[in-house]
Amino acid sequence: MGLVVSAIAFLFAVAVAGAAARRLPQASTVVYGGTAATCALIALWAALRLAEGGPDATLVLPVGLPWVQAHLRADALSAVFLIVVNLGGITASLFGWGYERAHHESHGGDQDGHKEGPVLPLYPLFLAGMNMVLIAADAFTFLLSWEFMSLASWLLVLSTHREPDTPKAARLYLLMASFGTACLLLAFGVLATAHGDYSFAAIRAHAPDAGAAALVVVLILLGAGSKAGLVPLHVWLPLAHPAAPSHVSALMSGVMTKVAVYAMIRVLFDLLGEPEWWWGGVTMGFGALTAVMGVLYALMQDDVKRLLAYSTVENIGAIAIALGLALVFKAAHTPVIAALALAAALLHVVNHSLFKSLLFFAAGAMLTATGSRDLNRLGGLIHRMPTTAVLALIGAAAISALPPLNGFVGEWLLFQAILNAPALSEWSLKIEIAVVGAALALATALAGACFVRLYGIAFLGRPRSRAAGEAVEVGRAMRLGMAVPAVLCVVLGVLPTPLIRLFEPALRLLVEAGPFDGRSYQPWFWLAPTSAIGNSYNGLIMLVVIALLSVVLVLGIHRKASDRVRWSIPWGCGFDGPDPAAVTQYTASSFGQPIRRAFGSTVFRARDHVDMPAPGDTRPARLSVTWTDPAWVVVVEPLARAVGWLAEKANRLQFLTIRRYLTLMFLALVVLLVMVAVTQR
Amino acid sequence: MSDLGYDAAHMLGAVVLLMSFALLYQRRLFSLLNVFTMQALALTATAAWQAYSHGEPHLYITALLTLVLKAILIPVALHRIVVKMKIHRTIEPALGIGLTMVAGVSLVTLSILLVLPVTADATALTRENLALSLSVVLLGLLMMISRRNAVSQVVGFMSIENGLILAAVGAAGMPLVVEMSVAFSVMVAFIIFGIFLFHIRERFDTLDMQKIESFRGESD
Amino acid sequence: MTLLLATLYQILQMLLVLALAPLLTGWVRLVKARLVGRRGPSVVQPYRDLLRLLRKEVVLARNASWLFRAVPYMMFTAIWLAAGLVPVFTTQLALAPTADLIALIALLGSARFFLALAGMDTGTSFGGIGSSREMMIAALAEPAMLMIVFSVAILVRSTSLAEIADFMLSGAVGLRISLALALIALVMVAIAENARIPIDNPATHLELTMVHEAMVLEYSGRHLALVEAASMLKMLLYMALIACVFAPWGMATAGSGVAAALGGVVVFVAKLAVGGTLLALFETSIAKMRVFRVGEFLGGALLLSLLGAIFLYVSRGV
Amino acid sequence: MSAVAVIVATPLIGAAILALVPGHRLGARLNIGFSAITLLASLALFVVEPSSGALFVVDAFNIYLIALTAFVGLTTSVFSAGYIAHEIAIGKLDERKLRFYHAMYQAFMFTMLLALSANNLGVMWVAVEGATLTTVLMVSLYRTAASIEAAWKYFILCGVGIALALFGTILMYMAAQPVMGPGMAAMTWTELMGHVAKISPAILNLAFVFLLIGYGTKVGLAPLHAWLPDAHAEGPTPISAVLSGLLLNVALYAVLRFKMLLAANGQAIAPGPLMIAMGLASLLLAGLMLYRRRDVKRFFAYSSIEHMGIITFAFGMGGPLANFAGLLHMAMHSLTKSAIFYAVGHAVQVTGTQRIERISGLTVSHPALGWGLLAGVVAIAGLPPFGVFMSEFLLVTSTFARQPLLALPLVVGILVAFGALVLRVQQLCFGAPGTVEGSGAPVASVPVQGTLVPLYAHLALVLVAGVWLPGPLVAWFQTVAALLG
């Protein structure tokens, strides 16, 4: 434990160093190198603790609330998330190192000293904050770290404050973050003992009554949910995540949302004690809504990073579904199934952190190479940036849950858990689970469409702008930063069982069971959870067989078929010129049109406006799309309007005359006197 | 304490209260000042009487101060201000006189209501005296908010002070009365100087919104 | 021993599906032709087409990337493997435990994923049309498929095809509304997935209506051959799936010997023949629908399958 | 005892001397010197815990407030040295005014320290009144129409307030006199605390209402707050700093002393509801007012009202946790808010305007200043790792545990104000830096006058307090929290 704490302290030191030496060229090397090393250390430590088990590492520091002090504790759950966070930290640092340098070259250093806001000092702080949340073991330390994390990321978002829409995004982000913190504050207010003992141990010791527990569940879903991006509290996420530099976006989207998930698990599974069945029902419902809405949003986007952010919303929805299932089954006293669902949740947490980081890195690489995030200005990058293209393809396939990659394993486990609905007693739940399953399946399929769109438009086809046509592959550091998660995606897809084995202590801690309980023989390369009723999946064999078959196929074909190849210009619907197809090529919005028509027209009131030139007019026809964000209309705008209206009304008080102010005073006095006179009767 | 003493104190206090009502009733500045002078005299009498009946010599100082400042200097000063600054002689009330009267009466009832539960262990004198001074203070405040121009508001302010002193002298053996009344008089003096130096005729109740907005730093 | 046998069966099945797929397509075409009163091509015509395509040269668009050339192999492998997973004549397959229905659906999904990418690779408008429409169809077909799996799996308490087939054979099921619903939904999905009428018409290249054909428009030579073969395989796969879940009779099960297995092969061929005939009948009897009606069609399928899943609870407290 | 005498006497002597000293540089140095001596003397209190006598009282409640006042007095005098140098340079002030300014500054310190350490209701009232007079004079220092208007409004409203407070004090004596007999005893804290249990509640209640309204006016509670924003905005910035940082605390201290009496007397009405109501009113009103402000100093003045509302609410809630939170919040707010005013003062001097929309990109043009201001606002907004977070954490959690329905308006108010703070601080600190009002030169070309040490000293203290509180302080807070009921 001391090691983790000192590591975090070291992160602060790195931050200070970065602040001090931000002028020097070596600064970024120091910061990112130091951060990566520290993260590696913590991740390793956590992995070892999980592997060897043993008692939880604890530590009490004489800071924080005087009569509580700062309790730090790393149990199995914390260890799991420590691995996730710091893995993300390592890759992000690796990528960020290259990213920063590339951008400094492209900006030719900074003329007025601060072209970009300071990222270097804040980046380690952000990671330190997330790590602190994971090891905090009393409400005060927890919320302090939680809010500190938000603060650091807010400033990181503001590092691009020169760009027009950053301030709005940053503001909304910090507001929603504080709303979440407020909800968590209230929740812990209920949980804490009357005489102000905020330590988790004390909270566990005195369990709240049903009403209080219900209140806490709602508040946690609001508080942690707003951070994780549960619909309709997600409005800030697709604005704030893309605004930051790409490696920070990766951390925010891939990792910080997981910290929010950690908060949910910590409270719902650990602190609140025995769950009731409806907790899971609510969580699941929100999850399903979030999953479907998130991916539908993503399908409407033309901005690569915003699209990715919305897809994060979708994945959070999937995780929430898994958590809800786990809660339901835990409440139904079928721990093994609960363990299965929870394993699915944790696995998906890891997977998403991997491929979402990877994809954000890819977006960053595109941004570096073409200077644009707009899909309609990209295209054909597979020729210009081959490595990035391959890695991004892995990411896209993984997030679309294609076997034998890791995304699919998570989905598979989740569906296995859903198939156990008959084990429950409540009808409403059984039916809800069926519906939720449908929603999840829909979301998965739509995600596939979404990433075909992203990859097909950005990397395939022909360049849609000069910059895209002249893009050059990014540097080695960035490519390495993308390669690491890509490789992990494949490895985890082929061999998920060892990882789940590693997580088993956490599962036992939370639902008193493991997914493989009661299985006599369980080879390490085989995934066959007990509760999955004889169902099993084996990515390894699948990979081998696929490889085998394709070899057979290729050999077979090439022995018979002709190898003659002729290159030519494809038919461009009668348009001539050097590259006819480029004119008629599909754009992002035109690709999205069928799905928009099928779903968007109702949910988003999406409308296509086609501007068709008259015959003989040679200008191209234009397809423009308009749509409205329901969450925005329902949640944000009314609030903003209400506050504005009230502020306007209140503002009159600023412009009264002294006599009127005296009148106010007089009235206040009289009112109080009357109150006293009345109370004395 | 003798009945006479009690009645006399009570009666004098009642006169002060009566004068407060009279103040509310005035429509012309000069008569307002005259009524205020009378209130000050009544207060002086009360203070002197209390000094005598309780045998507290320092209250004589209070009485003297009240006499010199409130009954002589300040009315004169205000009189000259009105003349020099050509403040027109009638008071424009923000609240109709009748309404003000009603409000005043209800304030007095409120103060009596408040004082009733005061238990008997507090002597009857403090009780009456408390009701009286409370009413005087509230009426003074009412005066300040129901009049538009500066001078009458100053008068209202000072009648609040009269209420305070009425309470103070009534409270048996209250120390620091003199010091406080001095400190208070300083403040009153400040106000009067303020009016005099900065030519504040209507600043209490400017109706000119632009002016206020610029004063409040919010103009565009 | 059993493992060895299972492996043998597996290999046999791989080859069998490979061999039968074009035949099925040929059969369907023939029956359709006869139904509309044409003589129609011979049953083995599809084999000839494939061989001819193999011998032709490949014409590639200027900016086709390696992905474009790799995809046919990828998708063919995926679909082939998937077809190999569905028990057709025996439930004793070596690969049965490695992948269940969900994995199978995912395999088909990945095949579609890559084909759609390939459609966009050349950067022509047709590719775009095809891919976007295909993904839209998939977005509804896949969940419908999964819901069918649920209703079956909730009944059988398993998603492994072998166990499903065994269970159905054991006859412990009886008639069920939910199964009927699931069957209807599955047929609808199968039609959509195989680009048959009324969703799509494999015979036309009319750009307003075509989906699958538009995607593969730029393919030629051996690549096209692979794509065609893959789609034939896919059709066979779906028929095999329907047969395996809803009509598993005549399938060899655990313990039954080699003879039973061979018997199973024969029965399977018969099933295919029937299935093909039914499909042809259906296709000749109705008209193609507009592309944007497809959403409603598949949405219907999804709802049906969901109903099926819910009905299970109602009909018997499973 | 002696230490207290020194603490109170030093600024008095200082005022006398500074009134005679010509030359603003020497004046500024002497000003710093006297403040430093005061601070040293107040630190001596920690070493020799003096017994409270007839004149002065030093207990767990006021000891830290005295030290705090002396400390902020010193840092502000340091800041003021740099500030007035610039004002002289641009000719807004002259030597004569400055002599007066320095004398008044020390006089103001004297009145506040007297009010804090006095053991007598009357003396305390006189001190608070003196504080009002001195600050009125300093607010009107610039002699602009706006500043005179502000001072005038301040004077009238607080004058009436003071009058009501005096009435309350007299009532308190009337209440105590029958029990404790005539004489000084009935006006002495330490004596009153002993006998208050026997005092009849009726007059006590009456007294508290008048004291709450009276001193509450100086605390700036809505709807009595009207004087506060303008007084802060129009006076010299050092004065805004001490007004927000110290004067409000002193007034609140007075209210709390009387609340202690009521708490100690069993059957009096619980003052909680009154304070909760006024606190919430101030919080919500100020939170909304923040959105329409264009003047940066007025903006932060309203934020002071908001925080006074929070603190009053906390003491109204009562109970060990909430009271602890309130006491902590008092200290944190005065440190943070004065720090913010230092930063704002510099910002206004470099940009030459108080209009928020004309100040931007401070972190770019003046990194040290900009990040300091940002840190200050972050701290006052209740974000960790600063001290305000701890107090708000305790307040919100404990309130929700006891009175969920009261916690909701509290949280809403805090969030509303938070929204405005974020909105403005992003405007002030980020974006492209503007040009100097008038001259039109780039802001970055104007250096910051004077030192930023006071700003960062305050921030450092607030930061430390956010993660670690020293033992003695905690002990004091807990004793006082118990006394406040």
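Note that the chains are named A, B, C and D in the order they appear, and that numbering of residues resets to 1 at the start of each chain.
Note that a contact is a pair of C-beta atoms (placed from the backbone, for glycine too) under 8 Å apart; a residue touches a chain by one contact, two chains touch by 3 or more.
Not measured: the values here are computed from a predicted model.
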item	value
Chains touching both chain A and chain C	none
A-B or A-D - the one linked by more C-beta pairs in contact	A-D
Of all other chains, the one whose Cα centre sits farthest from chain D	C
Computed distance of Cα centres, chain C from chain B, in Å	99
Chain A and chain D: spacing of chain centres that average the CA atoms, whole Å	43
Chain centre separation (chain A, chain B; CA means) in Å	69
Between chain D and chain C, distance of the C-alpha-averaged centres to the nearest whole Å	78
Per-residue multi-chain contacts in chain A, two or more chains	654, 658, 662, 669, 673, 676, 680
Residues of chain D touching at least two other chains	152, 156, 160, 164, 202, 206, 229, 292
Multi-chain contact sites of chain B, meaning residues that touch two or more partners	114, 117, 141, 144, 203-204, 216, 218
Pairwise chain contacts, counting only pairs that touch as defined	A-B, A-C, A-D, B-D
Residues of chain C defined as touching chain A within the complex	14, 51, 54-63, 65-67, 73-74, 76-78, 80-81, 95, 97-100, 102-103, 106-107, 109-110, 112-113, 116-117, 119-125, 127-129, 131-133, 135-136, 138-143, 146-147, 150, 153-154, 157-160, 163, 218, 221-222, 225-226, 291-292, 295, 302, 305-306, 309-310, 313, 318
Complex interface listing, chain B residues touching chain D	114-115, 117-119, 121-123, 126, 130, 133-134, 137, 141, 144, 157, 160-161, 163-164, 167-168, 171-176, 179-180, 183-184, 186-187, 190-191, 194, 198, 200, 203-204, 214-218, 220
Chain B partner contacts - residues on chain D that touch it in the complex	120, 122-123, 125-126, 129-130, 132-133, 136, 145-146, 148-150, 152, 155-156, 159-160, 162-164, 166-167, 170-171, 173-175, 177-178, 181-184, 187, 200, 202-203, 206, 229-230, 233-234, 292-295, 298, 354
Complex interface listing, chain A residues touching chain D	62-67, 112-114, 117, 139-140, 143-145, 147-148, 151, 158, 161-162, 167, 170-171, 174-175, 178-179, 182, 185-186, 188-190, 192, 194-196, 198, 215, 643-644, 646-651, 653-654, 656, 658, 661-662, 664-665, 667-669, 672-673, 675-676, 679-680
Touching residues (chain side chain B, partner chain A) in the complex	94, 107, 110, 113-114, 117, 138, 141-142, 144-145, 148, 153, 203-207, 209, 212-213, 216, 218
